[in-house]
Each structure stands twice: as C-alpha cells, then as structure tokens.
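This report refers to the structure that appears directly beneath it.
Going by the order they are written in, the chains are A, B and C; count residues from 1 in each one.
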Amino acid sequence: MKRGLLAAFCVLLLGLAVYPMAGTGYGIRFMLQLFMWIALAQSWNLISGLTGYVSFGHIAFFGMGAYTAGILIAKLGWPWLLASLAGGVGAMVLALVIGWPCLRLKGPYFAISMLGLNEVLRVAVSYFEGLTGGGSGLSLPALYASVAIYYSMGLVALAVTALTYVIVTSRFGLRLMTIREDEIAAEAMGINTFRYKLYAFLLSAVGPGIVGGLAARDQSYIEPISVFPLIMTITMIVMVLFGGKGTIWGPVLGAVLLFTLQEMIWARFIYVHQLLFGAIIVTVVLFMPRGILGVLQQKYNLPRTI
Amino acid sequence: MPPILEVDGVLKRFGGVTAVDRVSLSLEARHIYGLIGPNGSGKTTLFNCITGVEQRDEGEIRFKGRRIDGLKPHQIFHEGIGRTFQIIRVFPELTALENLLVVTTTDYAQARARAEELLRFVKLEGLAGEYAGNLSYGQQKLVEFIRVLMTDPELILLDEPAAGVNRTLLNDLLDAVRQLRDRGKTVLLVEHDMKVVMGLCETVFVLDHGEKLAEGPPGVIQTDERVIEAYFGR
Amino acid sequence: MLGQVVISGLLAGALYAMVALGLGLIFGVMRVLNVSHGPLLMLGAYTTFWLFQWLGLNPYLSLLVSMPLLFLVGMALQRLFVRRVVDAPELSSLLLTFGVSIAIVNLAQLAFTADLRSVEYLTGSFVWGPFAFSKSRVIACAFAIVITTGAFLFLRRTRLGKAVRAVSQSREVAQVCGIDVGRIHMLAFGIGSALAAAGGSLVAVMVAIQPEMGQVYTFKSFLVIVLGGAGNYPGALLGGLLLGLIEQLSSLFLTTQVNEAVAYILLVLVLLVRPTGLLKGRA
C-alpha cells in the first residue's frame, strides 16, 4: 500500500515537472498560484495547526517577503531568486521581532495581537515611502519568467510539505503538539513552550516570505493592498481548516480543492466568494473541527503522517 | 541531611481570598508525605506555587537549599521536581508512548528505552501505540504517573493519585510509590482518600482555610481534635 | 491646546468604553472573544443610515431601533453558533466568530455595496471658552454615558444583571444557584451586540459608513478590555477613556498614519507587562 502511494506520488511529481512543456500560459499560472497557496497553507499549519496558536496576521510575512525582494530587485538589481530567498529571511526577522513579545501571551491573547499586525505593516509601508513606494506601489523591471517561477513555487511547496513531515514525525513536532493539547502540562514536563512556539513561528514565516518574493517578481508590481489583504489570511485559514489542521496533507488537500473552486467559480463574484469562505469556516469549526483529513484519520484510525 | 524541600511562610492571594496563608513545611528525602484538608483548604494552590504554575505573593520555597520560587514550571521541572494533576492532563492526541517521549530528555534512544521500561512497570506496554485519549481513566492516570518518572525526579508531587482508580490499580500505584521511596525519592501527595493516606504516608500535613493546622504521623493526626473539627464541622 | 486634546480624548473614550463594554460582557460571561463585534457595530451604523435615508429618522432616535434589532441578532448568533463552542478550546470560538465576522461583512458588501455612505445630520461645533468640540462628538459622548450607565445599573441593580455577573465569575456556582446559564449567555451576547450597535449608530453621523468600518473597533475594543482587565466591567470604562486619551495625545506628536499603529503597539506592550490588564482582571 505504502509503496503504491509512493510510486503514485513520484509519478505526480514527474508529471508536474514536465507540465510546463505542454501546458498553456493560463495553466502554468494556475499551477504556479496553486503551489503558492500550498506553501502558504502548509506554513500556516506549522504554527496554527501544530501548536494551536492561531496566527491571524500571517499574511504579513508574505507581504514582508514581497517588499524585501521587491526592494532588492528594483533598487539594488538583485537576481530575483536570491531576492526571494532574502524575502524569506526578512520574513523570519519580522517573525522574531513580533514573536518575541507576542508568543509569551496565551493563545487567545496572541491571536488578538496578531489581528492588528496587518494594519501596522501597512502603516510602516506608507511611512517608509521612499523605499517602498508607499501607496502608489513598487514596480519591478519587467520580466517574463512564469516557467521559472512555476518551478520555484513548486519547490517551496514541496519543501514546506517535506518540512512538515519531518517535524510531525519528530520529537520536536510532538512537543509542539503538546502545546496545543495542554500547555500547562507541557510546561510541567519541562518543555519551554515559549522557545518551541518561537521556533515554529519562525519556520512558519519562511515559506510565505519566499513565496511573497516570488509573487512580487511574478506580478512585477507590489502595492500594500495586494500584499497585505485580509482575504489572503482568510484563504490560508480556510484551506487548512477545511483540509485538516495539524495534518501533513490536509493543507495540500484544502489548497487544491478550494483554490480550484475559487478559480473556476467564485473569483468572479468576490463578495460571494468571501462570504462562502466565512461560511465554510463557521461550518468547519462547528461540525468538522479537524477538517476532512482529521475526520478520516479518526474514523479509520490512520497514522499521524497523513 | 538538609531537607529536600522547604516551604517557608508562603502566602498566596486571589483577589480578596487568601488561598495559602503563611504555610511552612519541611520535607526530608526518602519519605512519603501526605497533604490533606477539606475542600478549598489550599492544597492544590500550594502545589501550584511549588511547581511554578502560580507565583506566590510572599514567602520562599527552597529545593535542595536553592530558591525556586519565581522560576517557571519548565525550569522547576529541570531542577528535579515532577508533578501530576488533579484533573488528568495526558496529551490525548498523542499515544501513550509519545506522552512519555515528549518529556524533555536528552538522548532519544535512552528516552525510548526508559519509556518502554516504565510502561512495563505499570503493565501498559500493550497500549504503547494507543492514543492516550482513548485509554480508560485509570490507564490515563497511570500514564500520567509514569510520565512524571521519565526523568527520575527527586521530588514527586502527586495530586489526588487515588481519585477514580479501582482497588487493584490503586494497590499497584501505592506499591510503586513505596518503591520510589525505597530508591531515595521524596513523594508528597494530596489525597482525600483517608485509607490511602493513613496506609501510605509517613508524615501528614493538614491544611484548613489556607493555614497549616497540624503535622505528624498518620496515627496522631487521626486523633487530633482540630483536624476532626476541620473535617466534620464546628 | 492640551485641554482641548484631553477633553477630546475623553469624549472619544466614552464611546470606546461603551462599545468595549459590549465585548467585555461577552468575554466575561462566556470567555468568547467576539471577533464579529466590529461588524455588529457596522450593522448598527447601516441601520441608522437606512432609517435616515428612507424615513428621515433622526439618527439618535434610530438607537431605539438599532439597539433592539442587534440585540436580537446577537441572541440569534449565540443560540445558533456560539453556543456550540463555549466549552471547546478558546481558539474554536475565536475562529468561529472570525468566520461569522467575514460572513457579516460580505453580506453587507453584497447588500449595501462598498460605496461610502454618510449621515449628514449634525455639523458644527459647540464652543466652550477656548475649546471647540464637534457637536456630534459631544452628543455621542452624552448618549454613550447614558447607555453605559444604564448597562451598569442593569448589572448592579437588577436580578438578571446580578445573574450575569454571577455567571461571569463562576459558571458552575451560578448553575448550582439555579441560574439558567444558557439564557444568560444569550442575554449577554444580545446586550453586547446592542452596545456595539449603539456605537455604530452614534458614529454613523461622524464617519464614513462602509462594510469594513467595524474592524478597527473590534481591535480597539480588545485593546480596551486588555487595558481594563478581562472580566472587569468597570475596568472597561477606564480602559476606554484611557485609549481615547492616548490616541488624542499621540496625535499631537505623531502623524495620523503612525497613530493607528499606536493602538497596536500599546496592546502588545500592555499584554507583555500585565497580561491580566492594567486593573485586576481574570486572564
């Protein structure tokens, strides 16, 4: 059974690898964005799914990565791949700055503190207008690199999923989960919950940071509204909740299902689309808090590596 | 031999209520102590102060001569104090084995070996791969008990270990506690079940309304008038 | 100059206090962080707008409509959704109310469109010695004080109010005393929503009305609760006034944009230094 799944997975990867040669421009962009969402959802899962500390402002790391990379590309002429990686580093630094004070707070208070994060960053962007272009946005020199970005995004999605796998099957991951289960007991067992939360938080920021940089390159233009929108945080959250938070493949499943639906049906009716996401969140929390994979896991007693 | 734990005039207030009112205790190594008192007498609060879950307002707590008041729970754990909780706090979505493995230890192989040994100790080795949330109440209690022992702490605080446990299991538990004492550990347990306390503990402290009422061997405490009054009313 | 700023701060603070009290009630009674508090305020504002638009109803009279209306909406939300997660980990209720808030905001977008609306009712200022305060601000403050006083009288003097306070302190004990905790939860959510609606109606004459207007009030209400101490109802008043003051004072030194960040940084600072709030609260 396991060997069969592994083989199927390899075939899938191979298919994805050669797809750009056969795919249409639209198809490549679709997949590229899907990879981006997988990376985002998977990253959100690392902090919120595993430790239970809901990060409402996670898109801030995406925006941070976008601006870091954007500035490096536009003002300093960095090659975009390197700039994107630097975006990941920038996002990690932001995570450290935010996480250091905020992760000391208990769950709900942490969530509150993250709610305002977006606003602060938007303010910061306008404040440093010279660097960021403020409200009018930042333009990058034009470049058509969809295929290269396709592969980059794909690699990040793969990397974050692999990282999740490694974490979930390690003692580090177990300890993260104890924070979610019972933080007081975790502390009593000698787990320095603050430090573990911080590590998870930092790791969860890298993916969005890099992906933000890649997205900036892809769009050749960044403005505050496009990189700090609440809808992106909402989307990340819905994807993970729907697919199954705390699982490895849940975020992937959620991303694939919801992004596909989004592109095909809802993107044209933006408010209906957001409304539906809100409704999905409510429904999942009430009836299916562990998401699709979580429910399957419980029902069929599947291992945690799902 | 200096006392292993000294609670020195500890006071803890919650709003207008003084939960622990200048309590002083002294625990020697290789000894089993009991902490009893009517509901609301401050027993769990005292536990919480010792283990850092609550911060005392006044007084000092010294472990092996070093002050530990003010330390965070995970730091106190590393000093060598382990505790269980009144309401079971196993990690339900982790297996029994994983519940033991998360405890901070250094070597993974060593930790695994020790975890399996402890599971055998309480005859739960067959359930090692079962999610702790699916275990019975008594089994969960045992898991919580051996989890405390993973790092071989010198002082072990047990919060109502007998609650809800059937007789057979209880005897195994009590034997385990005696074995710990024989190995040089110190055990302090909060307990309501008087038979357990009288049969197991060598010294008993009695709390009432946050104050230490009496201290002594079980036989003496049983006949102490103040203790009887505290339990059965004035 | 300073006097003007201080009094402006207190005027704004009274409004914050009233709205935050609503949030505080819900949190105190149910331990639920109602992320949809802001959107409820927004609905109150729209109620006032539409009544003004269609019937020419005096915005301040519309309080008589918006408050009961949102009271019922709040009770319905509690009964249908929030009730099921009151016992779940706190993150569940957080995510739930987050989902509800998205739903409410987008329903408003669909129903009312994102066009900015306003209620042109009261302009000009009251002049008092060297000070000048916009009329709508002063009247809003007056109403806020009246409504908040009413809320406190309810909590202190009526049996139902005492039941609410009892449940805030200990659900188990309240149950043992024969209090129908489920009903109290609904009531608290209803009152909380009504207070948010009152805030919405009062600001409707002062700010641009659009579906997303409530978000900032959600956040500020959280901030006030944290400042005043969770579960500490009088604390919410102080917290509100404090926030109003700090905002006005910092506007003297900082640009308006940075001013928005002040609330946020303040929140983080307070949460770090005194997680239970500046006054005694229950974490």
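Definition applied: a contact is a pair of C-beta atoms (placed from the backbone, for glycine too) under 8 Å apart; a residue touches a chain by one contact, two chains touch by 3 or more.
Every value quoted in this text rests on a predicted model; they were computed, and no experiment measured them.
Shown here, the protein chains touch in a chain-like sequence that does not close on itself. Relative to subunit A, the chain whose mean Cα position lies farthest away is B.
The distance from the centre of subunit B to the centre of subunit C, with each centre set as the mean of the Cα atoms, comes to 45 Å.
Separating the centre of subunit A from that of subunit C, both taken as means of CA atoms, is a distance of 32 Å.
Every residue of subunit A that touches subunit C in the complex is listed here, in rising order: 52, 54, 56, 101-102, 104-109, 111-113, 115-117, 119-120, 123-124, 126-127, 234, 237, 241, 271-272, 274-275, 277-282, 285-286, 289. Those residues of subunit C that touch subunit A in the complex are listed here as 33, 35, 81, 84-85, 88-92, 94-96, 98-107, 109-110, 216, 218-219, 222, 226, 257-258, 260-261, 263-265, 267-268, 271-272, 275, 283. On subunit B, the positions that touch subunit A within their shared complex are 51-53, 72-74, 77-78, 82-83, 85, 89-94, 98, 101-104, 108, 147, 151.
Those residues of subunit A lying in contact with subunit B across their complex are 171, 174-175, 177-178, 181-182, 184-193.
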